[in-house]
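Dropping the structures in below, format is structure tokens.
Each of the next two complexes has chain A plus one other chain: chain B in the first, chain C in the second.
Showing the complex of A and B:
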């Protein structure tokens, strides 16, 4: 997918505005997120932030490397189990519990990635799906996950031994800090030389190989990175809700994160965050009715693929207003 | 009691039969996937939902209009196939010029929508569908009792698999399909209506899924979610077999069904995951799949 060059004829002076606009938007978003728990239900906001980070981690793979993983629930839900088990059964402090979740997700990512990158495109998607279904059955039968019951009433504990996370406000700002850190890591990663090579692989894999890059290693690196960040989101989510269940390792969860990314905008930093916000809000509204949410999810999926492939943020970047503000649409 | 490897022969044969039945469904479904993928280059995620639709159409034909099993075996695949053709013509066909992943994502959305809709109307619980009178009961094979309907499932799926294989390998229409797989532009320039061929192919694949659904209705419960977990196993089957060959899809389907049945006898805990483990091993040893040509 070639870079959109239709803005090339616009005055160059219009472009530097992008920096100022971006900083202004970033500050506005930060302000909103800091003020939000005083106006909205904090648990809902924390859920939103966890899924936003999850989707952003997933987008690292789909948007910047061009690999569609249909198995990211493994890392999200797997990490939730690891964190919950470490905190509840072993009595670990929350920060180490989350670190264990991240490490576990990265290890799972290493195994799944090593197998899946042997094939490309559509096969890659099917293999990740099958492997994550295998992990689902593992979680269903393994002892420490407690099968259908899941790991329940996980204590939130004290962060660094001082900050009491059972206080909702403390927990919220901890989640916000983790989210910000995760997004910073993703932003840094995408703009690093490593990230540039990933984009080169996405655009033209054969050329990247001919330039001497060992494409398989870069793909695997991106896969593990994405898995670890998804694990970060999953571990934090386990502490927020104080349980880890099978729901988070199902293929439906893998599909949900694809939808969030697709709806918000593949290959944009904020797109997955916007998409996650919309999907989580929608689920929240429909949670009390008996109307199956999958009907809406499925229809949105179909509509996105048919007419709206750039997603909300991508369409905005490509729109007249977005271009006038100096954004460039990458895909 | 006769024993083989320390296992009573009845148990072994019973699980082999279960494996063969599951294998019949794997073969039918992966055949449909392979037919669609061969020409359209789309992985049909809605295949499981179309299988579920087939079962539901049969159930509704029976409860609403009193139409029984035998006509349903013909009508239900037809309805599912026409529905598939409609979807292909109106929506899916717009995606061919894009990355193939969009086809997968679109059919994924379609699967979610279909399953959600059926769940809304019929609830999540399974509903029984009685086998036709001619196929009830069991025969004594000497070493085990064979329920007649189960034997019929194996025979019917084998017959349909061979029929589709003959259709594609030996008929004029099949030669068009194969030619269009190789080079659609050239085939079109010979005056063959390739878009219509694509619609027909997707309809055929969906109809195969619908047929499998009717066949499955008396064996499993008819429920909106009956296809969603099955389809992932079938994906693994397809990865093991390699998408290249129709025959490969059929053979791998039966093989993996039997492998699963045998695992139930010797190590039941692993029976859910054995197909995925085989997939991982095949990918490490032979990334293109057992019968695949494209790496």
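Showing the complex of A and C:
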């Protein structure tokens, strides 16, 4: 085995700056997020983090598996209902409420994925859309979701029985921790033996099959993981707003997360976070102005598609500066 | 290796009455084929004769309309293509099938991951896969790819991509190897090298290859099956087949 020690490392040697730059940027981002609630409205920041995680979870599928799901609101909004119900009606502590939301979203993902996964492209998207519409009507009709009213005044409770989450600062750092954990899971997932096979499948599916990989099962694994993480974001959001609502299971929500991911740049870890930040910020500022929100976000989206085909982050990675700093984009 | 068995002809892959219809069009009809261990079997024929369709049927990328396929004594007529690969029959593709954005080493490692049971771990770091580097590097060295170990597959020359594809296929140590035009579009140098590689790997496994380069077929293949319009026109060793007037008229299109 003397062979593998001679050059055991990946070929990063060609861009020695990459590691240092990435760590510096990561630390800067962490610093900003820790300081942010003292300067900006914390609820807004928490909303931003929830949507950022949602978009990053969605990107696991679109960017790293090559599947366009048009039903991700099911996992986001569904999990919000499960968490809210468990915490409010059953009196569960918040951490278990969120875990239930994640498990519920993963189960829904398993069902939706198992039905849709053998179809390609637009057919896959249409099946996920149809199934998520069915789930929407279920939420509209089911008793525990309270229809148009949603589940209101959900108590945030005490994390691990100690930390009072009704304190906004406590809640913010809890959300930040969940976000960081979610991003870490995604990063590990992408950079793992499983992630390598996903990449191979995306690059040449027929070849992956001819090497003996049961491609559908790998895609289903990624689908369930993506659904579970979207559920994590949704469950936390229900606690942030103390509210689980029909809005979060609509097809518009599924569309919004696609928009965020494309805006930021698919196939990059940071892209969906930036895209979500942009969309949520625009919505927040435009909500108080006279401009119609959907038209403005639509225009921004059109501009991005025309000018930044790879999304904001994707375009930066592909630029001369990005490449000099050692970034590579998946696409 | 099996010192005794290698000179005894042993059929590892066989097709009986194989046929495929697309709508009303019969692309392949009544194809019988026996591929033997430690032999190189060529499938030749003019363009559109159905060679690639036969490949797709044998490897189950297409479901046959008629007939039966047996691999290593097991009926695989209704088996899924990934299962067929796991049973020991691995194919290459007409258009070079590499993973373009992976490095040469990673390409080979992807093939090694599944047998090494390092394919589903989503919680382990990427460097877990470095334990496969040793085996991958031996394969790269055998096929003369060591210099390009860390190059992206997309940046290789066409000929080297094909060689990488063979390296990746061999990583699975398949019992039966199906190569779809392994030398198409290669220069003379590369053709000689790849022919030598195929001859070498066929010492311990069966090879079925589609090939247009008849001098290669004459040189390395033990058996030749000629297809025309989806049916078998002739079968035998190269000398027999090339002397057959029907083959000459069908394949060259010039003879009386």
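Please note the rule applied: the second predicted complex is superposed on the first by the 306 of 331 C-alpha atoms of A that agree within 3 Å, B and C clash if a C-alpha of one lies under 4 Å from a C-alpha of the other, contacts with A are read in each partner's own complex, and residues count from 1 in each chain.
We take it that contacts are C-beta pairs under 8 Å (C-beta built on N, C-alpha and C of every residue); 3 or more make two chains touch, one makes a residue touch a chain.
The shown structure was predicted, so the numbers you read here are calculated from the model rather than taken from an experiment.
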First (chain B), second (chain C), both or neither touched by A:204: second
Partner chain(s) touched by A:188 [first = chain B, second = chain C, both, neither]: second
Contacts of A:225 with chain B and chain C, given as first, second, both or neither: second
Which superposed partner A:297 touches (first chain B, second chain C, both, neither): first
Which of chain B and chain C A:196 touches, first, second, both or neither: second
Contacts of A:215 with chain B and chain C, given as first, second, both or neither: second
Common interface residues of chain A - those touching chain B in one complex and chain C in the other: none
Footprint of chain A on chain C - complex, ascending: 59, 61, 80-83, 85-86, 90-93, 97-103, 106, 109-111, 113-114, 118-131, 133-134, 137-138, 149-150, 168, 172
Residues of chain A that touch chain B when the two form their complex: 68, 115, 118-119, 121-123, 125-127, 129-131, 133-134, 137-138, 140-141, 251, 255, 258, 262, 291-302, 304-306, 309
Contacting residues of chain B [partner chain A, same complex]: 43, 91, 94-95, 98-102, 104-106, 108-117, 119-120, 228-229, 232-233, 235-236, 238-239, 269, 272-273, 276-277, 279-280, 283-284, 287, 295
Chain C partner contacts - residues on chain A that touch it in the complex: 1, 3-4, 7-8, 10-11, 188-189, 191-197, 199-200, 203-204, 206-215, 218, 221, 225, 330
